[in-house]
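Shown next, in structure tokens, is the structure this report addresses.
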Amino acid sequence: MVNLKFFAVLKHLIGKSELSLDVEKGTSLEELLEKLVKDLPPLKEGLQEGKILISVNQEVVERSYLINDGDEIAFLPPFAGG
Amino acid sequence: MVNLKFFAVLKHLIGKSELSLDVEKGTSLEELLEKLVKDLPPLKEGLQEGKILISVNQEVVERSYLINDGDEIAFLPPFAGG
Amino acid sequence: MGQGNIRIQTEDFSIEDETVRVRESSRRIGGIVSFLGTARDFSKGQEIHKIDFEHYPGMAEKRLAEIREQALQDYDIIEVTIIHRVGERSIGENIVLIVVGAEHRQDAFRACSWCIDELKRITPIWKKETTPKGVVWVEEHP
Amino acid sequence: MGQGNIRIQTEDFSIEDETVRVRESSRRIGGIVSFLGTARDFSKGQEIHKIDFEHYPGMAEKRLAEIREQALQDYDIIEVTIIHRVGERSIGENIVLIVVGAEHRQDAFRACSWCIDELKRITPIWKKETTPKGVVWVEEHP
């Protein structure tokens, strides 16, 4: 089981801020994304434009990352703090 | 009549903060200094080292400046504000 | 939390208190440089009625703490405080405060400028502006 | 005098009040950069017991006003406040405050840094430090 988090415009577009999913051990983030974008088109758009960063357990990671049970995976639109 | 002002270390060394003097119209600052330094050795030292600036009516001037009656002439050691 | 050097909070901060705290952290401090970011009334020509800041709780605080540590390591400075407000804000309100204390002012200027650049670059905070034309999620490039 | 953007005074200033005044001078202000100079407890290895600031009344205020005008002309900024304290000061006390408000932070950082450099360069203010070895008139090179 992994926990997905959506923030800001993504939360607004997707219509939810969290989602829990079962994933097989050893699945890469890339593979998870392939499944996810079918159900969540706004995610696809953001990911294609390269604007959305992905963090796992609050650290930004590459898409080759291999998912572990209990991971907190977050989708981060462009930051605008300050 | 001109009014001389001494600040900080100069005031301390010379032992006074102000001095009034009669000068002939058209006298240059350079000429005034030649007379002054005989009576005020600390002034001579500072002027030779190039450390002391001279202002007339609160604007820094060159020594070629021609003195006018009523001028406020100040001797300014190195600044240390801030 | 209200007294730490790294905070994300909805309530306002006291510029005086935060500056004095940095000043009193060491008698060696000779210069303090601060950056205060406020909510402006227009952005790209649009009048803004309201601004909402959202953050990723936990991760945002971690990034600010990392920025502080990195600044203390990379610059010749003594103390750093970073505070960012979130939630619904109005025009003119304080948004972010960075206070850097150093022996010498040049180090404090450089470190403070770096901190706000880095905050904008890596901290998961988002800004939604409400304008007469609708809602805009701001994408700022520092 | 107590409310102006250029002041030389013996009493302390409020960092909060001065910053808020700059912030409220225009709704376009998005970034405020401040420099606070404080009295450090050592200078060139000497412990300092007391610091006395002396200024040339009239000329010092004129120079600060010129610095403010020049900064407003040369940088893309909106407001500047410069305050310098004089008289007998203790370690840790506030000495100088420069607050610069601008639309964009880079302009505010540059202008604030320039103002304090220029203040040190052209303003007739002197500093006497009392150390265990006696009295020293400081000659600082910015």
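Here are some notes:
Order as written gives the chain letters A, B, C and D; numbering starts at 1 within each chain.
Here, contacts are C-beta pairs under 8 Å (C-beta built on N, C-alpha and C of every residue); 3 or more make two chains touch, one makes a residue touch a chain.
Note that this is a predicted model, so its numbers are computed, not measured.
With contact taken as defined at the outset, subunit A and subunit D are each touched by C. For the pair subunit C and subunit D, the distance between C-alpha centroids works out to 23 Å.
Centre-to-centre separation of subunit B and subunit C, using mean CA positions: 49 Å. Look at where the CA atoms of subunit B average out and do the same for subunit D: the two points lie 27 Å apart. Among all residues of subunit B, none touch two or more other chains.
Multi-chain contact residues of subunit D (touching two or more other chains): 37, 116. Touching chain pairs in this entry, ordered by label, are A-C, B-D, C-D. Subunit C makes touch with subunit D in their complex at residues 14-16, 19-20, 23-24, 27-42, 91-92, 94, 103, 105-106, 108-109, 112-113, 116.
On the side of subunit D, the complex with subunit B involves touching residues 37, 53-56, 58-60, 62, 84, 95-96, 116, 119-128, 137-140, 142. Those residues of subunit A that touch subunit C in the shared complex are 5, 7-9, 12, 51, 55, 58, 74, 76-82.
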